[in-house]
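Below you'll find the structures, each written out as structure tokens.
Shared chain: chain A. Partners: chain B in the first complex, chain C in the second.
Let's look at the complex of A and B:
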């Protein structure tokens, strides 16, 4: 796309495509990456944002306490489901269906039970981690369909940016392990390349699976043609319902007909012990009781996590007679067809929907790398144009616009997210619609962060917002016990990993932002002598360097050949 | 153990591959220009074999689908670690690679917990 109409090579045109597709949706993609990465810890965030649950401490009797509580809470229900506390959840999440209740979600009643006492816990109204999770694929304050379209479109451009970026970056293999710090634009480019290339499998996976998850919305024509417009049939088959019809739900239905026969439920402890032996790795995740209190009752124990992605991380189950506690034959697992298996592997990875905490951490860290990739790319856009700006002697409006939006969307989102957690604790519990106020607070802070850099020099704006973010994150673990939550010492002592994990993650975020503040406060690069001849002694380093450059130190050993490489790359773009 | 073994072996594998590269060979005390292309090929092949061994460890621990995903994730961080070592402590890269290879092999033999 050259203005002068001269012919251009594939690499130039790809570079053009990469620069502009990256810039146009970069801010949105950054927000999607950021909130999406946090969503890998959605359950932990949910627990932390409901401090009323923090006193719930699991014990060996938790399952029995939960079942006893259900006896009082919903004695006539057709089915109970208890999701037991685990590393990501500190209380029992109970749900049940009353006889004659509406089908699906509408007919399901829910309660949160204290894992130590079995008492029902009334917690504050909050959207919790779900807000960040929803925001990452359907944004907010617009019809869901629009949000999904916008994010879907951005995801498609992200895919375009990945492919064009790989083509543009011709030294992809020779530069594989290369990072050259303190070299302005060169360092930014290295950081952008490293975060993109080294985590490429993750980036491709996450964008491609993101597209798969939104595929039915973006390209519905295939389904409409194959299923003659009956999209319901498609989704049903996708989930394997066609073959699986008549599962656990049937038992509850039959039991409804004969309420007279009362029978006490078998003791759960021996069943749990049996299950524990079978699943030493994941243990029991949830208990489903069908037709509780009747002679036909069954108890189904579900494993705490799946071990394969092919079946969407589905877990295995054990079925027992609800009265005698005798083992029964569970339903046969269904074979998974190849196309569905492929789709399942991608989508369940995207959703992080399986037990292994270490794998989720890997996904989370990869998400952080992706976030850094988006951030370094956008900063690079500005850094790259600094020489042009210097030549002009003034800052073009477009450049200033990008600069301001960079600060507000990158640093500002950190501040807004930290503020969201603060609002969770500071807005009075009894306030009507407080969940919405938390979200309004989030957007107000974000908006202020977008306006703030208009008034400040870019470097100062970066520094101030990063400092605020670091401070807000650092004080969250202190705020937690002061506003009714469990302190880090308590949560660690009681093995409440969801709460402790959140506090520790906030401390880690505080450290990351603090290092960036420290980095920005160092004497500016322009004041130091240039490292090597031939490398731009760019005053660009004034603004360069926020996210990727946590490292300090010398460029020893990597200087050779830098000049040539940087020249070649600059020419190519 | 699995993560440790797979990560350390991946680091050693990448180090072997880097040692065979023009840009990084010197940092490992190898004069890549002077080496015969055969020797370079051996280093590279050795690196890829080590990557395979690291994958094998993951496959032992997880179901195939999760193993491949986790392995790719570990590769990212192994490569990043090596990149940082080559940037900030290039003279230690060689020793470090030897240590990780040894430790990785040791952990490889430890049965999964």
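Let's look at the complex of A and C:
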């Protein structure tokens, strides 16, 4: 896309497309990446944000304690489900259905049980990690469908930006090993390339699977054509097969709901031992008891996948008679077709389902790298235009706009997220609607961070916000035990990995932000060498950037300039 | 925006350039979506003839439509002119649309 209409190669036009599509929704994608990356630790965040749960320490008795508690809590329920503590969850999450309860989620009662005593824990009201998780694909304060469309559209552009980015960089692998530090614009370009290439498989995976997760909303036309618009029929055909593949969960439950004769439940320990043999790696994730307390009771054990989403997807199950404890044969699993296998693999990875801790951390780190890629891309947009700015002798409004938004949306989001966790502990537990106040606090802080760079020089604004974020993150592990949570020493000693993991993650975030502050504070960092490098390179840039410079201020025009400028840069190397 | 008034000796192409960008953007975003939608519809029906079950055919076609969307978007900005951007996206969309219509009719007949 050259303004003079001269013919150009595929790579030039892709470079234009990359810059353009990257800029338009860059800030949104940054926020999606940032909150989405944190969502890999949604369960951990949920645990941390409910410090009342921190005293819950699991033992060998936990499953039996949980079942005994359910006997008192919901003796007449038609079904109990206990999600057992694991590396990502410190308490028992219990749910049950009373006879005659409404269908679906509305009819489900829930409670959190202490894994050490079986007692019900009353915890503070909070949206927890769910807020960040929902925000990353639905945004906030607008109808969910709108949010999903906006994020879906941004994801589509990101998909295009990634593929066009790959085409732009024919030297993709040499670029990866090229880092020229302290060379201003070059360094930003190298950093952008390195972060992009380093996690390239992850980026492609995460954007494509993101589209797949929203596909029924974004692209319903296949269903329209094949089912004449009957979306329900499509879902039921899908579900029908999945249920068969999942081992027939729920096949017994509702039919046996009518009260049978009373019968005590079999002891759980031998069943767990049997399951442990079957699943030495993961053990039991959840227990579902159908028709508890009756002669027709069944106990279903589901393999734990190290995630709270154990009830979805096709983890294996073991079925037992609820009274005798004798093993029953679950249904045969069906083979999964290739389209479904493809979709499952992509979406399960996106959701981090069944991810082992190592895989989860790898996904998290890839997310961090992706977040950095988005950030360096946005900064690169500004840095590339510094020579042009110097030439003009003033800062065009468009440049200033991007600069201010960069600080507020990148550094500001870090500050707001850290503040969200602080509000979780500082807002009084008894305050009505405190969960909403945590979120209001988050957005208030973010807004202030968007306004702050208007008053400060860009470099100062970056440094100040990054320093505040580093400080807030670093002190969270200190705040935790002071406000009722388990200290890092305690959580490590009790193997409460969810709580310890959160504290460690906050320390890691503090280090990342601290490094940025340190780097910004160095006397010879980016800005000045960028100036020199910019001036030196500008001869090459001027030639190809001339036309674009004329139109500077409009995003499209300047983006076209970048395409030219980056080509000039590559030629000059 | 501020700097449109800065020196602009060879301005004539600027207006045309903007029209080109706008036209290609519409071709990429709108046209690309229509093409992807048509491919999802045609694939959901067509893959069934190739032996896939109905939900599988629908799922496969929908997944592939996103890949096609991305290719269409890149085509829109990569080809020589806005006219070719439109024809390169529009023609296959029409072909797939006709195919969908034919398959839907064939399914009922």
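Everything that follows uses one rule, which is that the second predicted complex is superposed on the first by the 491 of 573 C-alpha atoms of A that agree within 3 Å, B and C clash if a C-alpha of one lies under 4 Å from a C-alpha of the other, contacts with A are read in each partner's own complex, and residues count from 1 in each chain.
Definition applied: a residue touches a chain if its C-beta (ideal position, glycine included) is under 8 Å from a C-beta of that chain, and two chains touch if they have at least 3 such contacts.
Predicted model, so just to flag it, every value in this text is computed and none were measured.
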First (chain B), second (chain C), both or neither touched by A:345: first
Contacts of A:362 with chain B and chain C, given as first, second, both or neither: first
Which superposed partner A:14 touches (first chain B, second chain C, both, neither): second
Broader residue contact with chain A after superposition on the shared chain, chain B or chain C: C
Partner chain in contact with A:215 - chain B first, chain C second, else both or neither: second
Shared chain A surface residues [contacts with chain B and with chain C]: 551, 553-554, 556
Parts of chain A lying in touch with chain C, wherever the complex brings them together: 1, 3-5, 7, 10, 13-14, 16-17, 21, 156, 159-160, 163-164, 167, 208, 211-212, 215-216, 219, 221-227, 234, 237-238, 241, 337-340, 342-343, 392, 396-398, 547, 549-554, 556
Complex contact set, residues of chain B against chain A: 3, 14, 18, 21-24, 26-27, 62-66, 69-70, 72-77, 79-80, 82-84, 86-88, 90-91
Footprint of chain B on chain A - complex, ascending: 174-181, 194, 198-199, 201-202, 205, 307-310, 345, 349, 354, 356, 358-359, 362-363, 365-366, 369, 551, 553-558, 560-561
Residues of chain C that touch chain A when the two form their complex: 1-4, 6-8, 10-11, 13-14, 16-18, 20-21, 24, 36-38, 40-45, 48, 52-63, 65-66, 69-70, 73-74, 77-78, 80, 100, 103-104
